[in-house]
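Let me give you the structure first, and then I'll get to my questions.
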Amino acid sequence: MTLPAPLTGVVPPVCTPLTPDREVDVPSLLRLVDHLVAGGVHGLFVLGTTSEAAYLTDRQRRLVVESVTAHVGGHLPVLAGAIDMSTPRVLDHVRQVTAAGADAVVVISPFYSRTHPAEIARHYRLVAAASPVPVLAYDLPVAVHTKLAAELVLELAADGVLAGLKDSSGDLAGFRAVVTGARDHPGITGFSALTGSELIVDAALAVGADGAVPGLANVDPHGYVRLDALCRSGDRERARAEQERLCALFGMVSVGDPARMGAGSSAIGAFKAALHLRGVIDCPATAEPQVPLSPDEVRRVAKFLTGAGLL
Amino acid sequence: MTLPAPLTGVVPPVCTPLTPDREVDVPSLLRLVDHLVAGGVHGLFVLGTTSEAAYLTDRQRRLVVESVTAHVGGHLPVLAGAIDMSTPRVLDHVRQVTAAGADAVVVISPFYSRTHPAEIARHYRLVAAASPVPVLAYDLPVAVHTKLAAELVLELAADGVLAGLKDSSGDLAGFRAVVTGARDHPGITGFSALTGSELIVDAALAVGADGAVPGLANVDPHGYVRLDALCRSGDRERARAEQERLCALFGMVSVGDPARMGAGSSAIGAFKAALHLRGVIDCPATAEPQVPLSPDEVRRVAKFLTGAGLL
Amino acid sequence: MTLPAPLTGVVPPVCTPLTPDREVDVPSLLRLVDHLVAGGVHGLFVLGTTSEAAYLTDRQRRLVVESVTAHVGGHLPVLAGAIDMSTPRVLDHVRQVTAAGADAVVVISPFYSRTHPAEIARHYRLVAAASPVPVLAYDLPVAVHTKLAAELVLELAADGVLAGLKDSSGDLAGFRAVVTGARDHPGITGFSALTGSELIVDAALAVGADGAVPGLANVDPHGYVRLDALCRSGDRERARAEQERLCALFGMVSVGDPARMGAGSSAIGAFKAALHLRGVIDCPATAEPQVPLSPDEVRRVAKFLTGAGLL
Amino acid sequence: MTLPAPLTGVVPPVCTPLTPDREVDVPSLLRLVDHLVAGGVHGLFVLGTTSEAAYLTDRQRRLVVESVTAHVGGHLPVLAGAIDMSTPRVLDHVRQVTAAGADAVVVISPFYSRTHPAEIARHYRLVAAASPVPVLAYDLPVAVHTKLAAELVLELAADGVLAGLKDSSGDLAGFRAVVTGARDHPGITGFSALTGSELIVDAALAVGADGAVPGLANVDPHGYVRLDALCRSGDRERARAEQERLCALFGMVSVGDPARMGAGSSAIGAFKAALHLRGVIDCPATAEPQVPLSPDEVRRVAKFLTGAGLL
């Protein structure tokens, strides 16, 4: 399907359920998709950071996209991440995910090698020139150690290179500069400004975001869809209450003992444990070398679910 | 061939010559290998950072390893990088490069995702368990934004996980802790401590390094082989003079205008320009999205070569 | 006067006008205070980062506080920064600024030396135990290279150590955790949650902030006071429009050429140039070693003022 | 006395002993100076980072310099740190320490505020223009979060601004560029290139350093003086053995539990505990808000001393 321009609403970065031996668990993945669709989401983002794309082999990535696009059958837009270090490697992923049916690609700035704004611009221009589908930029400084400047995003949008931005930088002021800049620029139309900051979706929509890509929406899609609707209807107080409920639920990402694992193992482990506890997926395993949650840490995840009325 | 234990001497990270349309230029690559062998190097490291491995597709990476291993025919050890974000993706590369004949793999810590010492350890243990050849750790904080602690390297060496370390951190004190720790640990034998700091190879050998992996050795292999020999013979003053000559030559990495390109584009661009000027490779192109050197910047590379007596 | 609990509204970090030979220009400082008071601000914050406290000698700092407290004569609360590296040095500043009449002190985490959450907590506890006036924490990671965790702020607030927080981290999600945590904690009353993020004051107030400390309010106090009132009255659309006007005005902080000066020189230089152009202060000089704006850069500041209807 | 040009040998950054109530313990300080002089050191550096200058009030700083200069009476050069955030504040310290008799000042780059190479250069030029004694630059990126570029140091040295450099960056390649650059530059004479990297003093002297400023020399001045002499006599193997003994002793800096304190608390706590155990100072207290070592951690310091034959 053609990507809406702009894409609005809730577009969860879909977790990738794994079997105990770390293969993609396709039946669980499709149940997760059904769970999200039943929650009312407006699109799906596969192979993002929350999807553990950085841990999936090329074969596994292809299987994920093919399975999801075949399952949703064009009823929802499916965006796919093309996460890799450089232009040639990203182009290989773009070919793969678009052959597998992705409606748009989400592309991060080059990483590993030291980079430069001129090289980042060149990267997006080359990727967009070769991509058969729209390209959204993905701003995730905690992963790539550079920040996408608002000016650069707007320049690339005005030149037709970028169709949107997924901003997971946490920098609402910078995101606002993109949102208002895109709105006010005569040469930019249909630009999708999406926030990845799940704790301030209400604030992002209030400054003009088109939609949100909240990892926590895997666990509670209904909550984020409700939040989105409340924001759009102008009911700010109930929106704030819903957002605060989701913020409390998000506390689950910190259950993992920081002496024993990194923040990523804890957060993705918690999301998968929650999906497992809710009966959506068969196995909460995360990809290697992430450290699994302990039984006690899983019990703390369950408490967060109970507190939010989800268990 | 079996990797020497320890591996000693000069093991250049081999540049990957490209054609003007950014395909691997195999004839130039083999001429570069011949140039290095003629310079007396003691091993070859393909698919490292200087090799632009981060920019090569999987197909290109395989072509590089196959071409080089077939060409050297076991006369020199060939180490191959397996640079990717996580354990499953690195394991795919390990399979590829060892099928293509690599004698050892050089593996970096996980990156992109936030990581943790426990996850780094788990990563190396899983990779080593699956690798048919010895595993060396690759410490490059500027790329992966974590530092490999000496204690962790020594623990993994004592457990037979790591056969060596390529240290490109620039932290000689930390490297020394590995060198002396490996030397004094009864459970560690044949560990290869290699420095990637091309400006202090003399100092690294003086604290006990086994060898060096200097990117600049692409340009002047004879110089680094001479330096290695002078250090081993105990002729410190001539070694220092040779090292200082190479430090001056290394100045070429800064020819690129920092307003126009990143430090990586400048450094790799300079090495390739130098190899082109010296007649070793056919085309100085670097991979996308790196920014090419200007003609004036190439002229400055030529001056460095002239100053070092190489042109 | 006793600090309101909570302190609400607009509390500008007051610029410190200097003479051409870099002494405190007291008449200009008092005119600036009058300009802010005329704009309707609800308090004054002297010796903050925007006040160039890091550049003022102890003698100059004392002169600033004495001049301002004497001038406002208790009609407005005057908060004073106590910016220094460690507990003993901060305590000296606390003694000085409170002797000079400050109604509260704003204290940053230790910097220069490597620090630790336990040391940060100890720092605030010791400072508060010795301070005759309420202590607000100052979260400015770009300056001190650590982030104040919401949990720590709340723990210190519950223990009566902290009376408030000035959050200049740009992390609205973390700020929200403090705001909602303080609101919901039975042991915390009258806590002042102030945002230093001048580009998202509307969003900060919407998540529950008590007030704002916007550097740009030096230039346009009326605008921020209007924004604050619109937010409190629930007129979100006009609030957003006012905030967007101020965001456009804030563009002035980037007039300085990044090849010639740092971001701080540019931003503080722009604020002072604007105050000079508006006739509030006699001289736009910034403290050493900051680089002054060029005449052309000052002209660009004037354009921003004109664009915002301030010149 | 006039600072030797260059200053050579071992110049310890002198710890500042404190009483249990955190006042400067002058008798212990003078005993420590005697201990260092008896160890054969070639100069003293007071008010450095290891001296806890960041934690000392202005009054305490003055007391330290006056006590030490009066005690050594010109028999050894006394360098004093002028550690503060900006030019005007550093100038105040320069006035104080030179009035108190310091023979040279050691000045760090601006910190806290965001800075720029042009501002760093301006800072050193202004400080040197006002200082009655020679100025050495102090490169400590871990504290100030910028690195002093070799080119800038050499430019300032050639212009007569800098008389030397204390390099505590850990970057031996960059230090070498300063050493060889200063040696080969016709306009630079008598420049003092001092390393602060106590674990690679042998390597630094081998690349051409004039001397060393090792914090650990507080604990074992004889060891560093011996190391310096062995290096100068060309006895590299015995020098390496002595350096490795000191590296093992340095392990004491890690005795502090990282869950309970920062690396600075642990390192300075260990040095002071060692001086206390060796009977040099009366009380091992460190300044606030540093966390004290536990009795068990102090016992581990004692083991390091025993292992090095110092207890």
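To keep things simple, chains are lettered A, B, C and D as they appear, and every chain counts its residues starting from 1.
Methods note: contacts are C-beta pairs under 8 Å (C-beta built on N, C-alpha and C of every residue); 3 or more make two chains touch, one makes a residue touch a chain.
Keep in mind the model is a prediction, meaning the values are calculated, not measured.
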Among the chains, which has its CA centre at the largest distance from chain B's?
C
Chain A and chain C, separation of their C-alpha mean positions in angstrom
35
Where chain A and chain D are represented by their mean Cα positions, the distance between them in whole Å
49
Could you say which residues in chain A touch two or more other chains, in rising order?
none
Which word fits how the chains touch one another: line, ring, star, complete or other?
ring
Which of the chains are touching one another, listed as pairs?
A-B, A-C, B-D, C-D
Spell out the residues on chain A that touch chain B in their complex, using ranges where they run on.
22, 49, 54-58, 60, 83, 85-89, 92, 110-116, 118-120, 122-123, 126, 142-145, 260-265, 287-291
Note: in the complex, chain A contacts chain C through residues 170-173, 176-177, 180, 197, 199-200, 202-203, 206-207, 236, 240, 244, 247
